[in-house]
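Labels for the chains are A, B, C, D, E and F, by order of writing; each one numbers its residues from 1.
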């Protein structure tokens, strides 16, 4: 580490935080960003330079480093955090940083999660709402099971930050918690409409169905799958976590064990969507359907709220094999103000 | 018609109504039932007799007529209503009526719908709730469209009694109305969670998505498909009905026309489930998912609440290719009484 | 508009029409073309220039504009018609126009359809053949229905120019009409082989099955889907158009209504191919199969007649997931001249 | 063999042929029928009797033999031809023969094909039409190949009688020949519409595509699959037969060999329908589509022309998973006589 | 209980065991059988009688009880063991027992497993071979894991008797053990061919892949699924069992945990066959493929070795949607003795 | 040919063979390579140059030719063999040859197979093992059939060099022979486990199932499909080859013919994988399953042994739609050396 680098690594409070979204051409930029891509290119004359893609939670910007590339070439890799300094320009109709200095950020100095898209809600408060739902469970075996799981400090810590997915729905820090609480609202309505369903089971199914995602997904410079997530998967990881807690409760009833595990095993709704068993109880049916509804509406709402072409259509969504029609400004409301 | 038959055809008020569910062996039965099946059989000695299956809204019972079959052979067909009189016996562990007299019921004298399973709710009151939702629509074009459709007397008359299906969900008189109002509750919650969706469209999609079922299904001695229902289907029948009303509103906006029709066209959710187009707007996505949720939960709740074997499993449900586990008496609640 | 531009906008009759197919390097080009693509690029030194792709019915050519790009940058967009003037060169083994002047063509001055691939047949004459088939229908209700639809001036105008598809079969101006008349020939043969089929229905099914395409597809600088075409689709759009005409004919028989609509609803042949109902009458079966035969043979014939590699194989056809073997020159006919 | 049996075996010319369709209650029957089923039953008192189902080309009738069952029990099996004598009665609303005598028919004395459903056309004349199509082929290699195959006496003999299927389409003696000639008419029209296709290949594809069926299907008391038909299948059996003839023609061009075999290999149209390769030439595409059209129309026409219920619907067709609507008497033609 | 019944309940040693396979008409039968079915029927005159289906490991036989049915009607249910006494007759070409006495067998007196189809091999010896394979594992963590599981007395007891399936392959007591050891032979060969695979993992995958079946399947009067087996399934049940043992081994490596669980999770080979994850390691690929090979060959060998018709074809196998050709006596070996 | 070219075309023995794998920057290269790609590019100033991709069995390297491109432009095409001479440099972190001279290699002078990936085993010795298996067949008809096929010099010559596939498994010269012998080992074990299977048939099924690949695949500069391979396919090509040999053996039993052909026809295991018939004999079942096992394990072993990222995952395998986890260095063996 050179002294100069220390200078960068400890920017004045006044300058911080520089959000990528706030950078405009002509400005001098100084900030800590995730390096999403780093590529070496060569000019016809043989001169080599580096192209970067930087990101923080607010957005992305490209960068170019013309000189001194050997100093940084091995010190910084895609996925790292780096202090970046340079002038903001325009290139091919887009902003880019003409980098003057780039040095690695110290591992312990920043929380990678701060560079990821994150829920706008108070995650601690949301978690309290989750715990309140657990305490309202009347069946003592189930209440104890859910309590022990969600009061486990490791579970609590990870559950508060876990995303619910990598890309399609609730794909941001805190997304799992938001998803589960949104489902809880819907499930409560369904339980009022269908009092014959066992509400204590449904609440548990809602809270636990995706708990394996706290192991399946990891927060790197982007949300990613862990190796175990790819090889074992959140469905079985969740069963193992819940099963371990059941094992610890002496006398936990076999019937409840079977019914709770069934909700986890079947929550994808069908064998061809990755559930070894389809829902075969009323409660598992409700959990699956509410999960499906909440996740799809969230995902489509984000797509429709995102970029669209001038005709009002979004880009093609590969997972659904379709574009969505977000509509033109005055659509469907023509004449509504007469 | 013999005088004797007239006697039967005009039973004393005191004797009525005899519900099939109330018949017990040893009793003398006198009632008006739907003839669901009529079969002629022959004994080894050549003597011919008739076997019947009778039904009313309360249940079913078999019948046998040993003598005088020629009198009734052509006068009564499956699907007819008939006055039936005879003694209730036990045969092969089941109740049967040893029929003494059976004569056709006059067509105008009874409402076939009275012999069908029917909603237990006040259908007029439910329809007023539907109209209230229509009046709450703010977009004037949509409000006018929905109003004209649901205030059409023919639509109103049929919509109040239509079932939502033949066998799987809400398969009873008034089922469509119950289904639509249940969906409306869920959709209202989703709209609170997702204010970016156009609520006026979603309300219309919920109310209109299955309106073609008032033509697709007919109430005979059982709920059945009409020929046009089989050949054209409620999806296109609904589009034609709604399109006709749009045509009558001068200046109805093309954008609204397209968006409303899209919700009907896509409400099955996927091409392979019979929608020529999958949902491609946020509102159509919500309508499809809420429809799916409400219909599946209703159907599974009925299956699970129905007959089960001693191990707690229902019969095999062909449409879903599975049995459901309804559970043993104390299941999942062991210890809940501490 | 500058006077100079007027000069270009009113080219001498002698110079017109310049077809792209006729341009050769060294020639000076002056013509009206569709601008299919317009991209801004920047040289290493910062100089910006524009790359174009131009098209007319005869083919495509690239263009480059080195100077004065700010004048045209906002005035011309992809999809516009433009007067183009410049020298034809060779670049990377391909022709390109080094553009000297490019100005928008006045909207009313040209028919966009003239720039699209178009049937080589006399569309008016073909339409008369269609009307003759309508007049030969013997069932008076059906004859009246078909007549009123095809004599509707708006239908006639659009039907004559509609393509039958965007890319796979009969994808050119007049393609729908050619497709329908080709089907009519095949259907006539099938009706001779199968006199038990109702020919009046089959003729209507053939003529009407794709009528919704006059609304589904629009002619821009290329054949494209309209928004309503994407969201509602030609199958339902066709039912709405035909249903509206049926509504106007007092006393139109319910049976005929149902059977005609069924042919439209089922013409894709299977639910998973977008028909809400599969064919369930003999006539609908014939219409679907003749449609399938004619469209597939047309499409494959065009593929096989198009570009092939030196081994005789066409490019990979994505929709069919295969290449076609067009064959080597002397294939299968070796020795045929002995 | 008893003399008495001989008496039956040589019925007077006057009495013959007794067709099952002509038998009416009260008549004494004497004829040679196929025994389609033979079942032994036991009365409560222990008396055993035999129930039969007899058939000839004109229809089916049941039979009962009350006495002397041991004499026939082992001598006659399902699938045999038998001389039957007895009185025609009515039982359970159906005709039955109260059998008095039943003896096996001598193997050589009757042609099993005479007891199968058979084309009503002159099969020799049809075969001459097929040969005429062969002679009209212009490519000498193909003409020689087709000629040698169809002039092979064994092929000719079997081809004239082969059915085209076991149950779905053209399932009768001569059905293959009718199917192929009907296809030839359609293919000729397509070739006029598409002169770019190689007609000599298409004609061969039409004539040869199902030639393996002369080995796949066997004529027993009903049309059935041979063991080789089940294990190898007509597609590969056809390739082997055609390949053998190609091997015998010295210098037969490799390109033609490949193209002809490709039409056989791909004629089912898709891998999942049993073609190892999908059609990849224009000619193979035409052969597949014409085959598909002709076979489906024939099959549906037979279903629609067969039994229907009082509402005009046929029985459920398992292979297509649907019923067909044959319609009520005056359907679609209401008012046609005004 | 009457004394008479005790007499039957303690039959003389000399009379036992009577195997159903040994019963022939004319013999007097006395034995303990499983009651697979019990049906009450009524004669025309009103007399009621009972029909039974009895089974033991050797086969099945029907029974009829004409008198005294009220004594047994409630005492014996399908699934029970019963002492049966009566004469063996022939009815409709099949053996049946004309039952004289039938009384329940005392629950504790017989082992239900004795009435189930069972492996012909020495299960204790087979289990020793399994343990030997465990001891040969070189990786100490894996060896310890496998050892602790298979030396668990409860696991050992159940593993020795578990079937590998309910009906398709290795569906008999000891079938799981036979299946696993047969797989081990094949896997050893594959490991010799592919030394790059980790043999210690493959051995564990083979031994553990179906261990959940010791909970999924239960031995009643026939092999059946437990409720937990239906709702959770052997795949997840196996993961829970193995996961619990891993939890108990302090320091068990995460990598090994993930890789072992992956083999269980993926052993069905594909998502649509019930594996939440497909095989994604070489070892999981081998385990799946060897499982597939061994189970399919076992199943088909049993089908082909079972009943066949006179043409050499087996009955239709629903799971595979085909019949198998077992062949005629001299097939494929004609001339082999020259 | 110029003298200069001759100089290159006859390089000194000392210099040869130059393997691409051995080239390092700074070295002067001289060798015969396959030209896999040849592309013409143009610099901004208009100067045109050629980019190459060269390959031999050891690997690939790019090349660039700056001057004199017109001399070689038409003389050398992708797929040709060429003498190449130039200096080895580094460009964009990769080796490239700055070509000085490139001339076509004489067609007859080199064996194209020498430039393809090739089995490391002695193919002659392997073929002797195959013949030994043929001689061990006991059924004389089958032994004669197999012998005549594999002793046919043309078959022997092609079989020794044929690959078993184009890309997925055993895709190298000699791959088919390795695949068949590996299958033979596995099949021998299965036959010991299942003596009820006809070993003589299974051996033939193993040896012959892919014999059509000697015609389906051709060895060019890479392994490719022949036209007949694409249009007819190795399954039918194999049947034709085997059928021709059966035809030549007088009296070859029909049963054996059918059973052998069935193994070829069904070896892909299912209709949707390209087998017109699924396996319906025990022997065909074994051949299919052993083929499936051997080919999948070989393919996955190669993928897992190939390039992986730093986390231990291979690239995405399109055919299987997944990546494989090859693992980190110490995986699963942590602690194994304690």
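The definition used in the following text is that contacts are C-beta pairs under 8 Å (C-beta built on N, C-alpha and C of every residue); 3 or more make two chains touch, one makes a residue touch a chain.
Computed from a predicted structure; not experimentally measured.
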Inset, instruction - Provide the labels of all chains in contact with chain A and in contact with chain C. - result: B, F
Inset, instruction - Pick same or different for copies chain A and chain F, depending on whether their interface residues overlap by over half. - result: different
Legend entry - Chain pair showing more contacts of the two, B-C and C-D: C-D
Legend entry - Superposition of chain C upon chain F: rotation angle, C-alpha, nearest 5 degrees: 120
Inset, instruction - Calculate how many whole Å lie between the centre of chain D and the centre of chain F, each centre taken as the average of the chain's C-alpha atoms. - result: 46
Inset, instruction - Averaging only over C-alpha atoms, locate the centres of chain E and chain F and give their separation in whole Å. - result: 44
Inset, instruction - Mind checking the centre-to-centre distance between chain C and chain E? Centres are C-alpha means, answer in whole Å. - result: 63
Inset, instruction - Could you check chain E for residues that touch two or more other chains and list them? - result: 227, 230-231, 259, 262, 280-281, 325
Legend entry - Category of the chain touch graph - line, ring, star, complete, other: other
Legend entry - Chains that touch, pairwise: A-B, A-C, A-E, A-F, B-C, B-D, B-E, C-D, C-F, D-E, D-F, E-F
Legend entry - For the chain A and chain C complex, residues of the former touching the latter: 91-93, 311-313, 325
Legend entry - Of all residues in chain F, those that touch chain D in their complex: 227-228, 230-233, 235-236, 239-240, 243-244, 247, 254, 257-259, 261-262, 265, 271-277, 280-281
Legend entry - Residue ranges of chain F touching chain C (in the complex, touch as defined): 40, 42, 227, 230-231
Legend entry - For the chain C and chain D complex, residues of the former touching the latter: 138-142, 182, 185-186, 189-190, 193-194, 196-198, 200-201, 251, 253, 255-256, 259, 262, 278-282, 285-286, 289-290, 292-293, 296-297, 300-301, 304-305, 320, 322-328, 330-336, 338
